[in-house]
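These are the structures in question, set out in turn.
Across the two complexes that follow, subunit A remains constant while its partner is subunit B and subsequently subunit C.
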Partner chain A sequence: MQIFFQTLVGGLSLGAVYALVAMGFSLVYRTMGLVNFAHGNVVMIGAYVASTFYLTVTLPFIPAMLIALAVTGAIGLVIERVLRPLENKDFTLMLIGTIGFGIVLEALATLIWGATGRAVRNPVQAAPVELLGLRIRTYDLVVLAVAAAATVALVLFLQRTKRGAAMQAVAMNHEAATAVGIHVGRSNAVAFGIGASLAALAGSLAGPLLYVSPTMGGTLGIHGFAAMAIGGFGSIPGAIVGGLSIGVLGSYSAGHFEGYSELVTFLVFTVAIMIRPTGIFGETTVNRA
Partner chain B sequence: MKLPDVPTGLRYRLAALAVAVVLACALPYTLGAYAMHIVDVAIIFALLALGLGLAMGIAGQVNLAQVAFFGVGAYATALLTTEAGLGFWTAAALALLISLAAGLLVGLPALRIQSHYLGIVTLGLALAFLNWIVNTPMAGGADGISAIPVPPLPGIDLSDEYLYYYLELTVFTLALAFGLFVVRTPLGRRMRAMRDDDLAAGAVGAEIPYLRMAAFLLASAYGGVAGVLYAGLIRYVAPETFSIANMFLLLAMVIVGGRQSLWGCAVGAVLLFLAREWLADFATYAQLGYGLVVVVMVVFAPTGLAGIPRRLRAARERRRTGTRAVLRDFQPYEPADRATAERTELEIRNISKDFRGLRALDDVSFSVAAGAIHGVVGPNGSGKTTLFNVISGLYRATGGAVELDGQVITGARPYRLSLLGIARTFQNLRLFEELSVRDNILVAMDRTRTRSGWRYLVWPVGIWRQDRELRRGSEALLSRFGITDYADTTPGSLPYGIQRRIEIARAMASRPRLLLLDEPAAGLNGEEVRQLAEIVRSIRGSGVTVVVIEHNMGLVMSLCERVTVLASGQVIADGTPEEVVASPAVIEAYLGGESMAEEPMALPTEVQ
Partner chain C sequence: MHRQRALAAAALAASMTAAACGAPGDDKGDSDSGSGPIKLAVVNAQSGQLSSLGAWELKGAKLAVSEWNKRGGIDGRKISLKVFDDQGDPTVGTNLARKVDSQGYIAMIGTAESAVTLAMAPVLRQAEIPNITSGQAPAMPELGSPFLFLNGPTSDTYDETLAKYLVDTKGMKKIAMVTNNGSFGKGEHDAFMAALTKRGVKPLTDQVVTTEQKDFSAALSKIRAAKPDVIFLGAEEVESGLIVKQARDLGIKEPFAGAAPQGTPVFAKTAGTENAGGTIVSTPYLSNESSPAAEKFAAAYEAAFDEEAELHGAKAYDGTNIVLTALKNSKVATGAKLAEAIRDTKYQGLLGDFAFDKTGVGIFKTDIGQIKDGKLVAID
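== the complex of A and B ==
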C-alpha cells in the first residue's frame, strides 16, 4: 500500500507538467481546431530559455521562467501567422505544417544549445516533506502549486474577461463570432500566444525534473497530446485529469515494467482512446449530412 | 468513345518512361562505390514513401507508424536469419507476413478514430515499437543485430552493392507499378473517395472499415518489403534507423513530392534523401532546411512537386477553353413496366431519434409504395434530414424499425444499405472534391466488394478488364445525364446546378431501387427545377422508388403522389398533396398559430 501511494505521488509532478502541456494544446485546439504538433518543441525551447537564464545568466528561477514565457509566446504568434491560411481547412496539412515547425525548432535548439543537453539544478533546496509516511519532494509540491495557479488564472481569464469570452465564442462558432464583430484572427493569435506561454511554463518546470535536451520536446509533446486526447479535445478540466492520469500511469508502468514503461503507456493509451474516442470530458461530434 | 488527345500524351509518357528505365539501368556505371550505396538506401526510402503515400495521400489515413513497419520488416528478417537460422528468403517472406500483421494492429484504431487522434495513436505505437527494440535483449538493444547473411541468388552475388541495385530497382518498379494500378482501379478509387468524404463514400457503397484496414495493409506491405531489402543491403539493424526523426523525414519526403501522387512520393523521397546525404556534414542545418521546406510547401504548394504541372495545366486550360463545355439535355431512361403496384418499398415504423435528450424524431411512421414519388416536407428543423440519415444508416435510430421491401434494415451500415439498393443525395452536396466527375460516378457504379481485393495479387488482368467494363458503363451514364463534357474536371469548379445533377447521376450509378433526394431543388433556377422534375419522373419511370425532401411546394405538388409532413419530429399529416395542404395542422405548423391563419394567405418564404 505504501509503495502504491508513493508511486502515485511520484507520478503527480510529471503529470502536472503534462497537464500544462495538454492545456496549451487544448486552448489552441478549441479556438482554431488546430492540433499543434510543434507544441512539444515549444515546451523544449521554453525549458532551454528558462534554464539558460537560470544557470548561465544566474537570474532567479521565477524571472528566468517569465523570460521563457515571453520568448515562446512570440514563437507561438509566428507559427499562428504562418499557418493562418490553413485554419479550419485541410486538417492533415495543418498537422504536417506544425510538424514542420517542430523540426525547425528542434534544429534551432541544437544549433544554439548543442545536441548534448543539460541537467538543471533544483531551485528549491528544502528537505522532502513527510506526510502520512510518504516522502514528497518539495519541488514536486511547487510544480503542482504552479500548475494549479496557472489553471485558475486561465479559467478566470476565459470566463471573466472580455477577450476570454471572445475566445470562447470563437471556439464555439468562428463564423458567428465574426458576425458579432470579434476579430477571429487576433483572438486566435492570443490563444496561440497563451498556449505557447503555457508550454514555456511546462518546460521550465520540467527542467529540474527531466534532462533538458533538443529531443525532450518530442517525448513531452506526445505525452501531453495523449493527455489531451484522454481528457477530451479542447477541454480544460480534461487536460488536467488527462495529464495527471498519464503521469501516474507512466509512474506505475515505470515501476512494474521498467524499460518497457513507454510501450505499456502507449498501449494503454491506444486501448483507452479506442474505447472512448472523445475522451473523458470530450463532446460527441455529430456527423452532419 | 471520345479520347482525342490521349494517344500523343501517351506516346510522350511512354517515351519518358523508356528514357527513365534506360537511365536507371545505366546509372551504376557512372557511380562510385559510396554513391552507389547512397542510391541503394535512397531506393529503400522511396519504397517507404510509396507506402506512406498510399495510406495518407490516397486513403487519407494519417499514418505516423510507417517507420515502425519498416523496423518490423528489418528486425524480423534479422532475427529470423540470425536467431532462428532460417534462410534469407524464407525469413523475408515471414518478415513480410509479420509486417502485415503489424499493419493490421496499427490500423485497428482507425476503425474508431480518424485524423488527429489517429496521428497521435500511430505515433504512440511507433514509439512503443522503438521502446521495445531498444529494451528487449533479443533485439540487441541499442547495438542492434549484426551478421545478417547475404541474400543468396543463383549466379548473382548480392553482397555487391552494384548488383543489389538491380534487385532493388526491380522490386521498386514492381511496387510502383502495383501502387499505380491500385490507385487507378476500383480499390484505389474507393480509397480516394473515402479520403475526400467518408460519409458520402459509405453512402455509395464503399466499405469504409475494410478500406481503412486495406490502407494500413498496403502501407505495412511496402514498409515490410523496404525493411527486408534494408536488412539484406546493410546486413545490420539498429534502433536509430527507425527513429521518429526518420518518420518525420519520411513525412517531409511525401509532402514535398506530393502526397496524392505516387510518382511524387518517390521523387520526393529520392531528392530529400540525396539532399540529406549531400549535407551530411551540416546535418542540423539540413534538418532546419527541410523543416522550413515542409512549412513552405504546406502553405504554398499543398499538392507538392507532383501537383505543380497539374496546377499550371489547369491555369492554362482555364484561359484557353472558356465556354466550350456545355451541360447537355438529360436523356430519359427506358420506361420499365410499372410493377404490379401495391407493394410497399419502404416502411418507416415508430422511428425515434434522440440527440442527448433532444428528441429529433418522435415515433415517426409512414410507408412509401413501390414506384411512387413520395414527398417529405416540413419547416426547418422538423427532422427531415435526420430521418434520411436514419434510413441511409448514417444515424442509428433510438427506437423503431425501417423496412426495405419487407426486410428490416435498421442499424445496418451505410455501405450495406447501398448494396441493398438505397442511394441518396445530400442537402449540402457531398461530391468527392478531388476526384474527376467520371471517377465520382465510377465509385458508385462499382459494385464489387473490397473483399475481392485479393484478386489484385492473383489476377490483376481480371481487375483491369472489369475496370474497363465499368468505364464503358460510366460513359453511357455520363451522356444520359448530359455531363460528358465535364467528365474530366473536378466537381468543385463547376456551377452549383451542374453539381446537383452530378450528385443525382452518382446516386443513380449504383442502380438503386430506392432513391432519397435531400432538397434537390435548393439553389436551382426555374429552368433547372423544370429539368429536375423531368429527371425525377424519368427515374421513377424506370422503376425506382423516389423519396424527396423539398421546400419548393410547387415542385412537391406537381411531382409527388403522396406527401408526409413533419413538424418538431412528428408526422402531422400524410396524404395526397391536396389533402396535406388543406390540413389545419399543416397550416398551423407553417404559419404558427390560429390568429395568423386568418390573415390573407401570405405564404412563408420557403413555400412557393
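== the complex of A and C ==
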C-alpha cells in the first residue's frame, strides 16, 4: 500500500509538468486550431535559460524562471509573427513551419549550450516531508503549487479579462470575432506568447527533476501532446487531467511493467483515444482544423 | 524583370542542389593504395544524452593520434582522424558503418555505447574493418566477430570484481538491483546476477527501468521497502545520477555500487556531489595518479584539452594506441590482416596489460574504488 501511494506521489510531479506542457499546446490549439510542434523545443529552451541564470549567473530560482518565461514568450511571438501570413491560407505549411522552428531551436541550443546537457541542482534544500510512511520531496510540492497557480492565473485571464474573452471569441468563431472588431492576429500572438511562457514554466520546473539537454524537448513534447489528446484537444481542464493521468500512468507502468513501461503507457493511451477520440473534455466546437 | 529574377532563383537553386549532391560523396580516396594519410574513423555520440562519453572518447583518440603524428606517423605516413556523430542511436550507427566502409577508412575507434557497436558490427565485419570499441556488454564478444575488439574489460569482469568485494570481502548479503533495459544495462544485470548466483546470494529485489525513464519512484520505493545493505546500479552516467538523486530524496541512505559510469564526473554532477558520496565503483582506471603512465597521460590530456582526464579518455587512448601499434607492426595492413595484427598486439596500457583472446577482449581485471567529494579514490 505504501508503495502504491509512493508511486502515485512520484507520478504527480512529473504529471504536473506534462500538464503545463499540455496547457501550452491546448491554448494555441483552441485559438488557432494549430498544433505547435515546436512546443517541446520551447520547453527545452525555457529549461536552458532558467538553468543558465540559476547556475551560471547564480540568480535565485524564481527570478531565473521569470527571465526564462520572458525569453520564451518572445520566441513564441516571433514564431507567430513569421507564420501569420499563412494563417487561414495554408494550414499544412503552418504545421510544417512549427516543426521547422523546433529543429532550429534544438540546433540553436546545441550551438549555445553544447550537446552534452547539464544537471540542475535542487533549488529547495529542505528535507522531504514524511507523511504516513510516505516521503514527499519538497520540490515536488513546489512543482505542484506552481503548476496550480499557473492554471488558476490562466483560467482567470481567459474568463475575466477583455483580452481573454476576445481570445475565447476567436476560438469559437474567428470570422464573427473579426466582424465585431477583434484583432485575430494579435489574439493569436497572445496565445502563442502565453503558450510559450507556459512551456518555459514547465521546462524550468522540469530542470531539477530531469536532466537539461537539447533533446529533452522530444520526450516532454510527446508526453505533453499525449496529455492534451487524452484530455481533449484545446481544453484547459483536459490538459490538467490529461497531464496528471499520463504522469501517474507512466509511474505505475514503470512499477509494474518495468522495462516495458513506455510501451504499456502508450498502449493504454491508444486504447483510451480509440474509446473516446475527442478526449475527456473534448470540445468539438473549437475544432477548426 | 520578373523573368530575370525567376531565372536567377532557378540558377541559385540549381547550384545549391549541385553543392548538396556533391557534399556526401567527397573524400572517396582509397587508403589501401599505400600512400597518403592513414585514415581512421572515430564513431561516437557527439550529441544527445550520451555525448559526454563521445566527447571524452574523441579526446583520448585525438591525443594518441597527435602523439604518433609528432613522432612522424607510421611508415612515413601521417594518420588522419575523422569523427562521425552516431547520436548514441543504433540506426544512425549502421548508416555510419556503411559510410566508414564506402569512404575507405581502414579501422574504426568507438563507439562508447554497446547498443550502437552491436548494430554496427555486422556491417563492419562484412566490410572487414577492424573496430575497437569502448562498450563493455558481454553480448559483443559473444558475436564472435574477428573484427571486433574491446578496449576494456566486459561487464563480466567489472561485476565479478564488484560482487567479490561486496559479498566476500564486506559480507554484504542484502543486495538490491536496479538496471536499465538497454544493451549496457542488460549486460550489467546478467553479469552481476551471475556473480551473485555463484556466491549463493539472491538479490532482495531486481528492478528494471527503461533507458528513457525519468521518474524512478516506483522502483525506488520497492528498494526502500526491501531495506538492502547496498544497491547495485546498472545504467549510463546521466540516468544513474538521476536514480541516485531521487533515491536520496526518498530517504534511501544506503550506498550504491556499479561499474564504469558511476566513476565519472557526469554521474557525480547529475546526482549531486553529496548524494554520490560513498558509491562503490568497479573500474579498470582508478585515477590519474595510479601509475607513471597514467600521470603522463593525464598531464598530456590536460595540456591538450584543458580538462581533467578520466576513464573513457584513457580507454580510447589505449584502444587507439593498440590499433596504431598493430598498423606499425603489420606495415599498414588492412582488413583481416590488420585484425590479426591487433589480436597479436601485446600492449602495456593505462588500463593494464592487453593480450587479446579470440573473442576480442584484451583485459580481465578491475579495481574497486569509492567516490569521495565527487572524485573516485582507491578504497581504504
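To be clear about the criterion, the second predicted complex is superposed on the first by the 278 of 289 C-alpha atoms of A that agree within 3 Å, B and C clash if a C-alpha of one lies under 4 Å from a C-alpha of the other, contacts with A are read in each partner's own complex, and residues count from 1 in each chain.
Rule of thumb we're sticking to: contacts are C-beta pairs under 8 Å (C-beta built on N, C-alpha and C of every residue); 3 or more make two chains touch, one makes a residue touch a chain.
As the structure is a computational prediction, the values presented were derived from the model and not from experiment.
*Asks:* Overlay done on subunit A, so just call it for subunit B and subunit C: clash or fit.
*Replies:* The answer is clash.
*Asks:* So, A:Gly259: does it touch subunit B (first), subunit C (second), both, or neither?
*Replies:* After superposing on A, A:Gly259 lies in contact with both subunit B and subunit C.
*Asks:* Pick one for A:Thr110: touches subunit B only (first), subunit C only (second), both, or neither.
*Replies:* Both partners.
*Asks:* If you tally the residues of subunit A touched by each partner, is the higher count for subunit B or for subunit C?
*Replies:* B
*Asks:* Report for A:Thr178: first if it touches subunit B alone, second if subunit C alone, otherwise both or neither.
*Replies:* A:Thr178 contacts neither subunit B nor subunit C.
*Asks:* Answer with first, second, both or neither: which of subunit B and subunit C does A:Arg135 touch in the superposed model?
*Replies:* In the superposed model, A:Arg135 contacts subunit C only, not subunit B.
*Asks:* Once the shared chain is lined up, is A:Gln168 touching subunit B (first), subunit C (second), both, or neither of them?
*Replies:* Neither partner.
*Asks:* Can A:Ala229 be said to touch subunit B (first), subunit C (second), both, or neither?
*Replies:* After superposition on chain A, A:Ala229 lies in contact with subunit B alone.
*Asks:* Touching A:Asn122, do we find subunit B (first), subunit C (second), both, or neither?
*Replies:* A:Asn122 contacts subunit C only, not subunit B.
*Asks:* Which partner does A:Gln6 reach: the first (subunit B), the second (subunit C), both, or neither?
*Replies:* It touches subunit C, and subunit B stays clear.
*Asks:* Which one hits subunit C, of these parts of subunit B: 94-102, 202-210, 238-246 or 562-570?
*Replies:* With the two structures superposed, the offending stretch of subunit B is 238-246.
*Asks:* For subunit A, which residues belong to both interfaces, subunit B and subunit C?
*Replies:* 110, 115, 259, 261-262
*Asks:* Show which residues of subunit A lie in contact with subunit B when the two form their complex.
*Replies:* Subunit A residues touching subunit B: 35, 37, 82-83, 85-86, 90-97, 99-108, 110-111, 115, 218, 222, 225-226, 229, 233, 259-263, 266-267, 269-270, 273-274, 277, 284, 286-289.
*Asks:* Which part of subunit C faces subunit A closely enough to touch in the complex?
*Replies:* Result: residues 46-49, 51-52, 55, 180-181, 207-210, 212-219, 221-222, 225, 238, 241-242, 245, 249-251, 269-272 of subunit C touch subunit A.
*Asks:* Once bound in the complex, which stretches of subunit B touch subunit A?
*Replies:* Against subunit A, the touching part of subunit B is residues 56, 60, 62, 108-109, 112-113, 115-117, 119-121, 123-125, 127-129, 131-132, 134-135, 199, 244, 248, 251-252, 255, 284-285, 287-288, 290-295, 298-299, 302, 355-356, 385, 388-389, 394, 426-428, 430, 518.
*Asks:* Residue numbers of subunit A touching subunit C in their complex, please.
*Replies:* Residue list for subunit A touching subunit C: 2-3, 6-7, 9-11, 13-14, 110, 115-119, 121-122, 128, 130, 135, 137, 139, 209-211, 213-215, 219, 247, 250-252, 254-256, 258-259, 261-262.
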